[in-house]
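Each of the next two complexes has subunit A plus one other chain: subunit B in the first, subunit C in the second.
And now, the complex of A and B:
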């Protein structure tokens, strides 16, 4: 049986092994990704992001229960930070997802960020492809939520859900700048707690200030604004604000509706395809950058790099001149 | 570039709430550079085996202070095997009377640690057991 057949037949051992190979960037992992790639494109990738402790995992647990009732298969990728000092990690998101145990239609995989910034690991996007190809209709990705730059999730997911909670300091300043650029759906979780109104009000006034429609993607270093191709206001997506109590499941079916409405909007407006293309382009670029770098490192000896850097440290040449020199060394080597 | 990370599931099967040891060990393993998946209290053997499969761990660490280790350990080993994960190393910590140790070892438990066990020993033995496969 081929790999893709095993995955689509629900072989969980094959699935879990492939994820590990992909995470470790092994040859088998790359071959696996190549094989499954043309089977991707059906899953709805949903990002769940927000500050630590706002209830992301609890909400993922509840959303998964809902999607299971709709008969959809659900994959969950839960990313937690790695220690910058030891490289180790404690991945604890599963603690909040115990309701999903024993259901063969759910697959939860924890990942450590492994030094990558931006709330995701380097191979999170590849994990999403594997789950998508394996036939999971819903792929939820919980980010680190360390209050860093969280734009990566918006570039990966079709729909990004930003989770806030009352009591984190409810004024406008406290809500992280940039959140509106990435939020497709806003959630005020812990709505059983005092201060929900304030949090919701702060979000609303930020929405009114902001321009929720514009999603800015980096394209070859240029900022490109991807706008809805329609100009009538019906094509505008204003991020809805939903209240939830993740512990009890309150508000979750409304949240599921908003997420579905956003997916429908992406399809109608043509933005689904735009986002997918932008994602694939970025992914290819990132891989190219890595490949070029390792190619370079193979060709140019460490000692040569060090000697050029020595000139930079002494301010004999600028970093830019150093790059020119290294490129020259590289092409020399290639011709030799 | 990426040296292979050791992934460890730290789980607390059974009904007791003694979770200090599990947390101490989880933190120590993290500080030793391992990736630790912590599942929380009151896990059934089925939940533990399922998590071990989904997380594709190298090691399952069980923290049992309730006295139920002779019932829980064989069940978990059996489920891991049924899932095709008989290569996963299983460690137990907590309260295990000396007379149970030989039977647990025979069953296939790789390491057993009681109160006061040094986390350095635990780390070293986990590393050795994973390297030997």
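And now, the complex of A and C:
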């Protein structure tokens, strides 16, 4: 049986093995990714992000249960950028286990944010491809925090859901403004708590304030079209704000509707294909950068590199001049 | 007068111009960086990070005033990862203007976190070099947030100060645990507020919990030495916790002492040179990666790249196979 057959037949052992190979960036992992690639492109990649305390993990669980009732297979990639000695991830996993354990249509994989950011985004993207090819219609990517991580993952997801909650303090609102730019759907979770109206109002005014900026940001280089809304109408998507109480499952089906509406919008506007292509382009470029670097390292001897770097450490030459010298050594070797 | 003479003579116009050239990554900027490079290496790069609401900007101002009294020139690079439509940065700048305006020994530059993360960290590093060469003994790099940004900037700074404050809620503690790993000095600001003991206690227990991990993390691959503290004593630095009330200037001189003690520790342990070299290596590698990519783009025609990418979009070949094909086209051209 081929790898793709095993995956699509629900062989969890084959799936786990491939994910580990991909995470380790082994030759087998790369070969596996190449083999499954033509089977990707059907899954809906949904990014779910929000600060700790918003109840984001519970919401992901509820969404998973809801999609399961629709008969869809669900994968969850939980990206945890916090340090290994915090209990957050473990706790979240335990809640998950209780709700979703024993369901063969659900697969959960945690990933620590150790190592380089580029590496993390690349591995997440590769994991999403594996789940997609394996036939998971829904791939949820859950991230904690407010930073470049979330932006990178938003670029990976088709639909990005940003989760807020009342009572987390005004102080941390500022940091979340950046996150609003990437939101396709906004959720106020824990909506049974006092202050829900204020949170929703704050989100609304931030959205209104942010919308023109957001629009220009997304259509960088197409500013002319922004001034002519009729020509650009298909690209307009105003992020809806949904209230949920994840612990009781309230508001979850409405949220699922908003997510589905966003997917429909992406298809109708042609944005789905655009996002897919942009993603593949970034992925190929990242792989190319690595291939160019390892090609360079094969050509130029380590002793030569060390000698050039020694001159940089002694401040005889600047890093920029060092690169010119290294490129010269590289060319010599190529032409030899 | 040469560029470096102008900078070291306090020509603010020349300084501003060079910073803009560097930010725009222009040829003049690169030439300028190469010219000043041999004059770098004397400034103390201090990273200051913490969530919004911790009073971090006020603390940076107080530190600046304190260093000015010591006769040191002070540069502040304020990196704001929040979106352009939040008022945070502007507000902070206004406070700054009032305290530090008109002092020729202080230079403040804000930087928005737009664009790629690699780009941001690289530009911050280049700015720090410019200030360093221009004779600023103290270069403070202020960042907001809790994520990869801070880790990248900590790798750039000699000393990283993490600022906390009482009463920001337990919910956001989890996200900060990751930040503790990069802290060389911890500050509980707003220490006149209720809850200061709890915040300090939480930091202490997180530090104790985190310390072994932190140690292994910093000395990756040298795990044997960790078990033998006597051989490794010079590398041990337990981050001190300082209380401050920035608005009243309380605790600032003690904080300055801790920062100076850390610098002394870096010099004695040899870690200062190690960090400098690691930084130069990363910078050179990033520049090399860009040079390799632009070399590739010169060799391989855009039409060829588009044709290969078209096959990827159609899922005829995987990104990995595409890279192998692109590298083949590249080699052909090199050998021609």
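Simple rule for what comes next: the second predicted complex is superposed on the first by the 273 of 336 C-alpha atoms of A that agree within 3 Å, B and C clash if a C-alpha of one lies under 4 Å from a C-alpha of the other, contacts with A are read in each partner's own complex, and residues count from 1 in each chain.
The rule we apply is simple: a residue touches a chain if its C-beta (ideal position, glycine included) is under 8 Å from a C-beta of that chain, and two chains touch if they have at least 3 such contacts.
These numbers were taken from a predicted model, which means no experiment stands behind them.
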Winner by number of subunit A residues touched, once subunit B and subunit C are compared: C
First (subunit B), second (subunit C), both or neither touched by A:101: first
Touching partner for A:261 - first (subunit B), second (subunit C), both, neither: neither
Touching partner for A:247 - first (subunit B), second (subunit C), both, neither: neither
First (subunit B), second (subunit C), both or neither touched by A:109: first
Touching partner for A:300 - first (subunit B), second (subunit C), both, neither: neither
First, second, both or neither for A:326, with subunit B first and subunit C second: second
Touching partner for A:20 - first (subunit B), second (subunit C), both, neither: first
Contacts on subunit A seen with subunit B and repeated with subunit C across the two complexes: 82-83, 86, 88
Complex contact set, residues of subunit C against subunit A: 30, 33-34, 37-38, 40-41, 51-53, 81-88, 113, 117-118, 144-149, 168-169, 171-172, 174-175, 177-178, 180-181, 209-210, 213, 276-277, 280-281, 283-284, 287-289, 291-293, 295-296, 309, 312-313, 315-324, 326-327, 330-331, 334-335
Subunit A residues within the subunit B interface of the complex: 12-13, 16-17, 19-20, 24-25, 82-83, 86-92, 94-95, 98, 101-102, 107-110, 112, 114, 294
Residues on subunit B engaged by subunit A in the complex (per definition of touch): 1-2, 4-5, 26-27, 29-40, 44, 46-47, 50-51, 53-56, 83-85
